[in-house]
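Listed next: structures, encoded as structure tokens.
Each of the next two complexes has chain A plus one more chain, namely chain B in the first and chain C in the second.
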Partner chain A sequence: MSANGSPPRAIPRDSFASRLIEAVAGLADRPMAWIQHAVGGRGMAYVFLAPNILFFGLFVFLPIGINMAMSLTGGTNLFLSERPFVGGDHYRALMQCGSYLDPASCREDHFWKGVSNTLKFTLFQMVAMVGTALVTALVLNRKIRGRGFFRAVYFFPVLLSPVVVALIWKWILQRDGLLNGAITLAGGEKILFFVEPGWAMFWAVFVSVWAHMGFYTLILLAGLQAIPADLYEAAEMDGTKPMRVLTRITLPLLWPNLVVVLVLVLIKAVQTFDEVFVLTGGGPGTATLMVVQYIYETAFANQVQNFGLAAAASMLLGSLLFALTMLQLWIARRKAA
Partner chain B sequence: MNRRHWLAGALVAVALASSPVQAQTTLRMTWYSDGNEGEVMRDLLNRFEAGNPGIKVVLDTVPFKAINENLPVQLAAGQGPDMARIVDFGGLAKFALDLRPHLANAPNWEQNFGPFLEWMREPGNTTAIPGYMTQLTVTGPLVNKTLFEQAGVAIPGPKATWDDWAKAAKAVADKVKAPYPVAFDRSGHRFFGLAVSQGAKMIGADGLPTPSDEGFRRAAQLIVDWHKSGVMSKELWGSVSGTAYRGANEEFKNAQVPFYLSGSWQIAQFDKTVGNAFDWIAAPTPCGPANCSGMPGGAGVIGIKATKHPAEVAKVMDFLASEPILSEFYARTLFVPGHIGIAKKGVAYRGASAQAAAALKVFGDAVGALDPAAYRIQGNAYSRIVFNAAISRIGQAVAGEITIDDAIKRIDADVAQQVAERNKK
Partner chain C sequence: MAGLVLKGIGKSFGPVEVLRGIDLDVADGEFVVFVGPSGCGKSTLLRVIAGLEEVTSGSIRIDGQDVTTERAAERGLAMVFQSYALYPHMSVYRNIAFALENMRLPREEIDARVRRAATMLRLTEYLDRKPGALSGGQRQRVAIGRAVVRDPKIFLFDEPLSNLDAELRVATRKELAGLHAEIGGTMIYVTHDQVEAMTLANRIVVLNKGRIEQVGTPLDLYNRPANLFVAGFIGSPRMNFIRGQVGPEGRLVTPDGKVNLPLPPGSAATGEVTIGIRPEHVAPCSPAEADARIAVELVEQLGSESYLYGTLADGTALTLRSPLEDPARRGEEMPVRFDPARLHLFDAAGLAIRP
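After this line comes the complex of A and B, so read on.
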């Protein structure tokens, strides 16, 4: 149906446009028929999948393979052919710890500090992100005045580049920033947010939630709008309390969307780098040093660019991410079953 | 198309193919700027191009961070420029082109850049001429004279110690409510500006770095103690992690810093940006138990080994490093000369205010007071490994995460690991 309710106009069969479309589509007929003849009807599925597989192979699996090979070599040369094979040395260096719960006891203490900070960040960020996105989606799903405006406002930060987001907040939070200006106007003392480890982690999480919440709200909002209205009407007729409606109707039916949001938030949180790096620089000390920043610094910022060690660290990070995602999907499937 | 048209077309093609535009060699120079030196260099290159129509030089200006982080990767991949302005001479020595076979007057280069060429050569190489110095830098304090006057605190004299300066700057900051009594750039090079005066040597008999000597430890302890006592603010050294550089330029320009340990390269910038807002001076490096020496340093332009046009690169370098051109470059950029002949004759700095000229004089004098250990540290191929390890770990000690003892153990381990990695063949 078109916007005014009338059915869309079909292209007249003998028109120029129609003939052009037929001619263009017809160009593929012969080659496709030939391919189908060669591979058979069943094989056609793989033919259609091939471009995507090629794309993934080239830009995802091949780099993973190169990264794996890089992690088994040493030295500072860039090309694999010029790098000496060192076996599992980098992995051994990364795993050499007195206690995995105490990064200071590890040979690569910054790696483990990064792992510890990333886990903390992920935990706080997931709870805050999913909670805030859910509440916002529930509110924006109600018939409130200015609903369209608020939906746009919450989504707007998603459009900004992470570096821009971090710079904006850095200006707000620095010694002479807007927030400290407001605090001193109210008679308070300036707070050095980037010097106190607790504050630095708090703002790293806060800024991340502020910047990305709109996207997850949108996913949840789509899920909420897909829940049939008659379920709510039936519940209302039965006099069901709002909290019970939320826990017995809304959340169970929203579960598939929540799983998507949880997986995406988890992956994004573990990969966090740009926002936190620009906002806090990993400091104070190493209080907000994330594991991706460790990888970046080891490979590029240190005087000796240790690509092998960085590649080994990223392989470990990738494995951790894979395991966490599988675990989460397994839990979600069990719950759905 | 008749025969006459074909003939005309062929003539045009031959004319185009043999025109100067077709024969031009384009060279790329990767550059960074602290002040106006990019504009000055472009102006000089325009002059070179006018005299050498067969060579065009494209100046690719990048942030300083890219010089240290991206350029090495580019060079390792064989994708770099033909020339580059760099500061990490030792780290990039293996990518440098030996200009000697292509230079018009190699002995002249040796005579004027001799001590600095050693910084640019690979260990064991005693003959290569990889490039020239765009500036010699010296670390040293920049002092906000107006803040001292407002606070009624006397500026310490020429032989004042670090302790004298720390006390004076703290007294000033307390009176005028300046948030940063003493500010150091978060840089290993600046840290060694303090450490050398405390007796740090950094290099063992075998030429390998031995960072944690007594002088180094004393300097690290001072930095940590100053943060604890409020002489230094954690916002520079304690607020970021790893090897991140943080300068206090903005804070100094905003009159929030009575005493700023930075260096000679800031003069042109402050002369322009501070203007008449307040009076500032350069002071001699404070004295420690060992000496009153800061750290030398500098930036230079090197030719890149992977260039396809070594002769043209040498021609450009010969022009840029010639005495009249380089003298003009130093005069217009307010840089301390890294050319022995020009340094001896002196530079008539152009457009410098009285306070900038006075500051240049102080830094020029400081060059003569540099301790030999400072030159050795700067020229060591591994110095930047130590610089980076130092700021990363001392930064953690400043933030209160680890003790000085732990920081020094970690610095030793980090340096050993990186030296081993660099030497893996």
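After this line comes the complex of A and C, so read on.
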């Protein structure tokens, strides 16, 4: 049915358009019949899947395979055939540490500093992201004036490129930026946000939350709106206090959405690179250096391009992300069941 | 338990006036049913009483105390929702105990009350289950249990049987009647099903377009409807109506003069009137006894009885109930007689004219 309720108009028989469609479709008849004859009815499903699998294989599975091979070979040459096999040397190099709690004691101290920073970033970001997204969703779920406007406002940063987000905030936070301008106007002293390690990590987390919160708010808002209104009315009749409604009704019923958000935030945080890289460049020093930035620099930005070591680090990171993705799928399936 | 007094209740949603000037007294321990067509305001009235909606005008008194501005929780009422509104993540036990936990009652008392309600509603073996693992009827009983356990001043039921199949609806209806007899609480029940209303109520409140049309016992409404709306709404199939003028012989004559019917005995009505007669009070008869003849258009055979749908000579539709299995065929002309004692008369404004 069309939008106005009337049935869609069929292409008139014997019109030029219908004859053209028939002629084009007819071209495929013979080859399709031949393929069907060759592979059988059941095999046709795989024939139709083949283009996608080919595309996926070429741009996803093949690079993973090449990366794995890279991680087991050494040298600076980009061509695998020219690279000597070194086995697990890169993995051993990455894992060689006096103490895993002290990155400075590790052979690849920047890798472990990246791991440590990524863990810190992930932890802070998860708490801040889920907390703010939840509060925002709870507020936006109420019947407030301009609800649609606020939803759009909170979602808007999601549409921006991470580089644009980082540049906007760099402009605000730099030494002579908007924020320091406001601080000096109010009689305060300029703060060097990108020079003090604590501030740099704080703003890395803040900017990330600002940029992505809208997306997670939307997921939580969808979950909140799926909770039937009469449960809240029943709770009201039962004399339930607002905080108890939140903890005993809203949060338990929102739990599946919350778990999905938690896992998604976790995966995104572990993958963080572009925003933080453009905002702080990993500095000051290595204060905001993330694992992905370490991989990028080891492979492409350092004077000696160590593809093998970078590939080994990305295999380790990939394994962690794979485990997290499986966790998310498992949770999503449990929710669907 | 407590009585309820509504005075001049009005409720508007923006420009839409949903309730207008509702006045009602519900006695302590009474079972009152609000009935009416969809959109008549019956559920809104219940929600206003519950405190889930604020009134636009008027006052609500429960047990003599003005609760108009009090929140739902402070009114001491319990409500059974159409959807049951059970907390899906809690067990049956937790669902029933939830309100008592809010009241911070001692754990032993909560347990005793929950188990007592569960026994009464045959839910003991399901206490550990989640609502999703229960049948519709069992969920309904949990919803009732959740209300019973609180020992509320008034029970409110919002179309609680509408999600059940026909058989379960009859069974649950009986259980509700039994529950009222057992605990004797004041109950207010909303339904659009007149059989539920007739079988459960001490008194029925018929609502239409946000106003009360009539309040009375089920038989009052059936035998002495106050107006055309109530007469048409109560009873199934609905009452037959024949419009006309009172002629010089004191009989009703339809505008085209083709039908001439007797008025109720003792009636002194004049001018434009409507006669009402229920299908069960019209009977096939011999041509000599006939008040009118109908052309049979449809026969519904229900086994124990049959309904005949036809038209009078002026085209007015007429339904009659026959105890016979096969009383007539489509297209037949049938002489019929109206029970004079069961005739209802309404004036031009649709109000009942009593002899």
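Keep this in mind: the second predicted complex is superposed on the first by the 262 of 337 C-alpha atoms of A that agree within 3 Å, B and C clash if a C-alpha of one lies under 4 Å from a C-alpha of the other, contacts with A are read in each partner's own complex, and residues count from 1 in each chain.
Operating definition for what follows: a residue touches a chain if its C-beta (ideal position, glycine included) is under 8 Å from a C-beta of that chain, and two chains touch if they have at least 3 such contacts.
As the structure is a prediction and not an experimental result, all values here were calculated from the model.
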Exercise. Here chain A is shared; do chain B and chain C fit on it together or clash?
Worked result: fit
Exercise. Can A:Leu264 be said to touch chain B (first), chain C (second), both, or neither?
Worked result: neither
For this session: Identify the partner contact of A:Ile249: answer first if only chain B is touched, second if only chain C is, both if each is, neither if none is.
Result: second
Exercise. Between chain B (first) and chain C (second), which does A:Thr76 come into contact with in this model arrangement: first, second, both, or neither?
Worked result: first
For this session: Tell me which partner A:Thr286 touches in the superposition: chain B (first), chain C (second), both or neither.
Result: first
Seminar exercise, completed: Larger residue footprint on chain A, choosing between chain B and chain C, goes to B
Problem set entry | Touched partner set for A:Ala301, first chain B, second chain C, both or neither | first
For this session: Report for A:Ala234: first if it touches chain B alone, second if chain C alone, otherwise both or neither.
Result: second
Problem set entry | Touching partner for A:Leu167 - first (chain B), second (chain C), both, neither | neither
Exercise. Is A:His110 contacted by the first partner chain B, the second partner chain C, both or neither?
Worked result: first
For this session: If you've got the overlay open, could you tell me the nearest Cα approach between chain B and chain C in whole angstrom?
Result: 50
Seminar exercise, completed: Footprint intersection on chain A (chain B / chain C) at none
Problem set entry | Residue ranges of chain A touching chain C (in the complex, touch as defined) | 228, 230-231, 233-241, 244, 248-249, 252-253
Seminar exercise, completed: chain A partner, complex, touching residues on chain B are 68-70, 72-73, 76-77, 88, 91, 179, 234-235, 238-244, 246, 384-385, 387-388, 395-396, 398-402, 406, 410, 413, 418-419, 421-422, 424-425
Exercise. Can you list the residues on chain A that touch chain B in the complex?
Worked result: 74-79, 84, 86, 104, 107, 109-110, 175, 192, 194-195, 197, 280-289, 293, 297, 300-306, 308-309
Problem set entry | chain C residues touching chain A - in the complex, by the definition given at the top | 50-52, 71-74, 77-79, 81-83, 85-89, 98-99, 102-103, 146, 150
